[in-house]
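What follows is a short report on a single structure.
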Amino acid sequence: MIWLLPLAVALPLLLSGVAARPAAWWTPGLAALPALVAAFVIPLGEILSLPWILLGMHLGLDETTRLFLFFTAFLWAVGGITASEALRQDPAAGRFRVFFLLAMSGNLLLVVAQDLVSFYTGFAMMGIASYALVIHEGHRASLRAGKIYLILTLVGELALFVALVLIASQVGLMMPDAADLATLPGGVIALVILGFGIKAGLVPAHFWAPLAYPAAPIAAAAMLSGAMSKTALLGWLRFLPLGDVALPAWGTLLIFLGLVSMFYALTVGLLQSNPRVILAYSSISKAGLFVLVLGIILIDPRLAPVGTAGLVLYATHHALVKGGLFLGLGLRRPDRDPDRTQVWVLAGLVLLAVAMAGGPLTSGAIAKDALKPLLNLTDWGWLETAVMIAAVLTTLLMIRFLFTLWSFPLAARPGDHDPLDPSSTQPASLAVWAVLVGIVAIMPFVFATPGAWLTNWNILLIAFVIAWPLLDAARHHRGLFRPLQHAVPPGDLVVPLRALRIALVWSGRQALRRLARGLARPQTRLTAWIVQWFGPAPADPERSLRDWATAGLLWLVILVALLLALVLTVQNP
Amino acid sequence: MTPAWAKVLIPIVLIAIGAVLVWAFSLAALEGGDRLALIALERVPESGVSNPITSVLLNFRAYDTLLEVAVLLTALLGIWSLGPAAPAFQPASPILGGMIAWVVPLLILSTGYMLWAGGHAPGGAFQAGALLGAAGVTLALGGDASAGLPGETRLRFLSVLGVLVFTAVGVILMALGYGFLTYPEGYAKWLIIFIETAATLSIGVTLAAAYLGGEPRDERTSRSAT
Amino acid sequence: MITQFLYGGSGILLFLLGTWSFIVHPPLIRKLIAINVMGAGVFHTLVALAYRGLTAPADPVPHALVLTGIVVAVSATALALAFGQRLDRDHGSSADDD
Amino acid sequence: MMIDLLALAVAFPLLGAVVVTATPSHARGLGLASAVLTTLTSLVLSLGVWRDGSVRSDFGGWGAPLGIGLQADGLSVAMLVMSNLVALAVSVYAGSYFSATARRHFWPLWLLLWSALNGLFLATDLFNLYVTLELLGLSAAALGALSGTRAAVAANLRYLLVGLLGSMTYLMGVALLYSRYGMLDIGLLAEVIEPGLVAWTAMALMFSGLFLKAALFPMHFWLPPAHANAPAPVSAALSALVVKAAFYLVLRLWLDLFDPVLNASVANVLGLLGAGAVIWGSWRALRAERLKLLAAYSTVAQMGYLFIAFPLLVATPPGLARDNLLAAVVLLAMTHGFAKAGFFLAAGLVQKTAGHDRINELGGAAQALPAATFAIGLAGVALIGLPPSGTFLAKWIMIEQAMIQGLWWWVVVIMLGTLLAAAYIFRVLGHAFNREPTPYRFVNDARTEIPALLLAFISAFVLGLIAQPLWTLLDQGVLG
């Protein structure tokens, strides 16, 4: 039975080899199915060792990763079916399928991997393959988004690589548990936070997300925000020393980072008008919530069991709901289309948005409930209030999202299924999306007791009280909020970063010019001297190396250096 | 453009290296002793030839020599790959032509002698091949565009003959159970002469062809050129 | 012994002269000659090593090595000359400018 | 009947060269046949070493010190397998790459180069190595000039001369060792060599000669023009195999001959040069305007990683950790061999289709050749060191060892090189993703595209995922 795990990882990898052919349009839809089955049938705790792969591959499931595997595989299956169906007309779909399957394989591998190397392998495969998904459409916007995504991803992966190697060299084990991690130096913790923080979209490393989510085809955006961003949480759960030692300084830092992420993303998100960008900022704020809870656990390790379970439940909820919201966006058609199914799509989207806001009787409510004990137990009373305010803002953000469903124009996008084409229908995508919405709908009744069902009703109420007059005002005075709408462009920080670069270059040039003016006279003298004694300065630095005498002298010097190194060093006995 | 300081520095560094080299070689020469001389000289009688240098070249270290013939072939092939040959020299004047007519046969005769002498005295395939090559060069200087070399097909065959015979002997001996380039007792002398003859032909042809430079032309054109 | 040192020492001197010339003289043909001088130096040194006094026969191994080395050096020189000739023919000018 | 696979690994390509020289009209068929035969021989030989341990064969039956022998141990066999598989792929590719006239020149020289490579990996005799190095250098320079352009001829003449300078210096070191110890066999010398001026001078001479041939920074100046101007299959072989052979020799002498003589300082000199190569080569690759020049500078950088291993090797005490480190170095060299060959072969296709290889204008050609572009991407994965390539595993082990030994500055260099590599690879790949229609036929020309793709695939997936046999293999040789 355990052999289902390598099969689950290998199937998408193998299918990616043939997925470029037009005849293989169905591959993304089927590739995740073994993984989905595996999530249900593999016994926990059993580990399959494949010592001949990489530095020894160990696959297995535990309580946490079973849920992760479930929602990851399920999302990829749904997304895969959507992608198969939506992109059939796209001439470049073959390329998309190949990278979609590679990213899928990487994501599944990192979930089921028990050792460091396999985890990183999956993580890197997923991250790099997604680059091709982000830039799939090939416009300027997507190329720019892809570039920023790629740079941040590579930085994150490099940080993580160093962190994992450091863990391996420090602990001496390829499968460390929390107790082994207790003695990690601070640098490693910082690298782990940075490496996964980029993937999760933690402020200030978040700005790739609001650019990439709207740029990527809808199925890819759903996977990025639903499945892939959750790998960061899994990574933190694995590689932060949770539950064994109290690290109050790091905990405080994480709480601070989390709060900043939540409030910053929610505020900026409210000012957006593109529903996909709004969803991106919602994801960033949720990453903030995750980090906040992790910080609490780091301060008080006794909370680890409760906190971990709560986080995993929250991640499941968020992954399904966020993935569902994106996929639902892809199923939207213009209002003038009298299709009855559109009513159901809208109903589903509303349900998912309510769940995202944590409305009663939804998965959001039970997820919030699961995290409640942590917020209550900490000494900081104001934290609960802050989280509550964030919840109100989240609700407002979801209201704003639903509002933009009507106001934001649905345009034909080359990568997506054309929403304006009335003849095109996506029966399979609709069906699997309906299943997804159904699962979200029954989640509260499966995972929690009735006490949790109504957790958040007061917050929802407050939000509506705030939203109602605002919506009313907006309806009566069109243009009232328009100045706010474009106050912050998607990808917020990119803009000041670019300005900073321009400013730096400009001021650097100015400084150089001033320096040059100051040095002009002595410099001419110096130059003359250098020209006289050292010959003209080469324009191409490689040119001087290609000069035989310089190269020859360097070579002789290295010969002498070798000799000196041998002669002058006292030999070890 | 070489910097002036480099021109000063290079001799200084080289002199330093030279001093170390002389010192190291003095140490080495003093402590070196007999090196391989005794072992080699002791084994010469078993090698099939009485000239110790030929024993080393064609028996003890025959593999080196095989690769060396291959290096020669590589150089020739490299030269051929660089394009056609330079135009031929002017035909020799009658006096020079007469001398060439005398010298070339003499060179070829000495080639045979050199080859044979290598078994017991200084000489051998390379010296012999060099003489043969010199014969070709002499012809070329006298205005023979093909330096007395045959047409393309035969030229190609002759130029690889050395490597071919050398390797084939090695492989066949191996197949017979003696090991690669391991001459069976009693046959060593004849095998060495066989290999040396082939090598001499190849070396001579290669040197002459390398002197001409350029690809071999096919037979008809080369004949009409001469 | 002194003869041997003289031979060996002059071999090293040749080697160094060749190296110097290879490095400082830009024309490729001079570099090629320099390489051959270096080779001559190495072979000289090797031959000096073979000397074992007036009475004992010389060590045949260095002799054989030198013979092999000479042929290799000749081959390399021939190829390099052909390269140079090709460059000359292409441009009519010398290949020294490299 | 006795089959000496060691001798055959050298003799088959040699005989093949003879045959194709004599019958140029059948060069392609006979050449390919010898290529297959040689590769099979090497594979069978390697399999034997993998199962039963190292083998040695003494030619002429004299044995060291008088005679010459060949020896195959784990290290040499690992390089042998890599170079023979790469060479086979290059042969298949070259079969349809060259025109009929170029083919006549390519095949004999190529097979001679191949026999030199095999001979070099199996050699045990210092002077024999000199002859092999010359065979390698001459055939490589001649092959590099096959494209016939003035730039190619000039660059390869320079390469030839630099190589000769290196060989002469190496030979001087050999002469010194012979004069002191009176033997040339590496194994026998290793037993008697002792620290002292003679051994040190010999080591400095031999290593500095080999550095020239390995294009170690700053002696790399000849490499980019020579490799970038050669025909694509030749560039692949030069970059993937020929410089690697010089590195192999440095490693071999380091481990087997000079082990009692060397120390940490000299390792640091090697490491520093390697670090310089990583940073300078990567930077130049990032700035390169032409695809093949980029690949050539990337070779300079990748050779640097291999030399960074020396200070780590010296710092690590003998034992399992050191064996792992050594295996990592070999894995790095092998992966780079496959990756760089695949990269050059694919780049050659792109160049042939586009008529040039200026990176900024390659979008259309890359779109027309999805398989070649994919091969460049896969090879890029290995060059950057992304998982699951062999480079990734190698870097993992090297960094782990460096951290354990407290040598963190090498980690900084490796990471910096990785970032730069990612930058220059994605600079190329970025041009492949615009919206031009991708043809349905993924492979346009199987003879040329499949070898490139296979090599790149091996480098990106196979070597990393199934590295265990390599560990077993290396246990049979230098490590055992």
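When the chains are written out, they are named A, B, C and D in that same order, and each has its own residue count from 1.
The rule we apply is simple: a contact is a pair of C-beta atoms (placed from the backbone, for glycine too) under 8 Å apart; a residue touches a chain by one contact, two chains touch by 3 or more.
Note that the structure is a prediction, hence the values are computed from the model and not measured.
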Chain pair with the higher count of C-beta pairs in contact (A-D, C-D): A-D
Innermost chain, taking as reference the mean of every protein Cα atom displayed: D
Farthest-lying chain, centroid of Cα atoms versus that of subunit C: A
Where subunit B and subunit D are represented by their mean Cα positions, the distance between them in whole Å: 30
Subunit A-subunit D separation of Cα centroids, rounded to whole Å: 39
Chain centre separation (subunit A, subunit C; CA means) in Å: 64
For subunit D, residues that touch 2 or more chains besides their own: 127, 131, 134, 138, 141-142, 145, 153, 169, 172, 178-179, 197, 200-201
Numbers and ranges of subunit B residues touching at least 2 other chains: 2, 7, 10, 14, 17, 20-21, 25, 29, 32, 34-36, 40, 60-61, 64, 68, 71, 74-75, 78, 82-83
Multi-chain contact sites of subunit C, meaning residues that touch two or more partners: 15, 19, 22-24, 26, 31, 45, 49, 61, 65, 68, 72, 75-76, 79, 83, 86
Footprint of subunit C on subunit A - complex, ascending: 548-549, 552-553, 556
Footprint of subunit A on subunit C - complex, ascending: 19, 22-24, 26, 31
Contacting residues of subunit D [partner subunit A, same complex]: 169, 195, 197, 200-201, 203-205, 207-208, 211-212, 218-221, 224, 261-266, 268-269, 273, 284, 370, 381, 386-388, 392-393, 396-397, 399-401, 403-404, 411, 415, 418-419, 422, 426, 430, 433-435, 437-438, 440, 442, 464-469
Residues of subunit A defined as touching subunit D within the complex: 20-22, 51-55, 91-92, 94-95, 117, 120-121, 124-125, 128, 131-132, 135-139, 143, 146-147, 150, 154-155, 157-158, 161-162, 165-166, 168-170, 414, 542, 545-546, 551, 554-555, 558-563, 565-569, 571-572
List of subunit B residues in touch with subunit A within their complex: 1-7, 9-10, 13-14, 16-17, 20
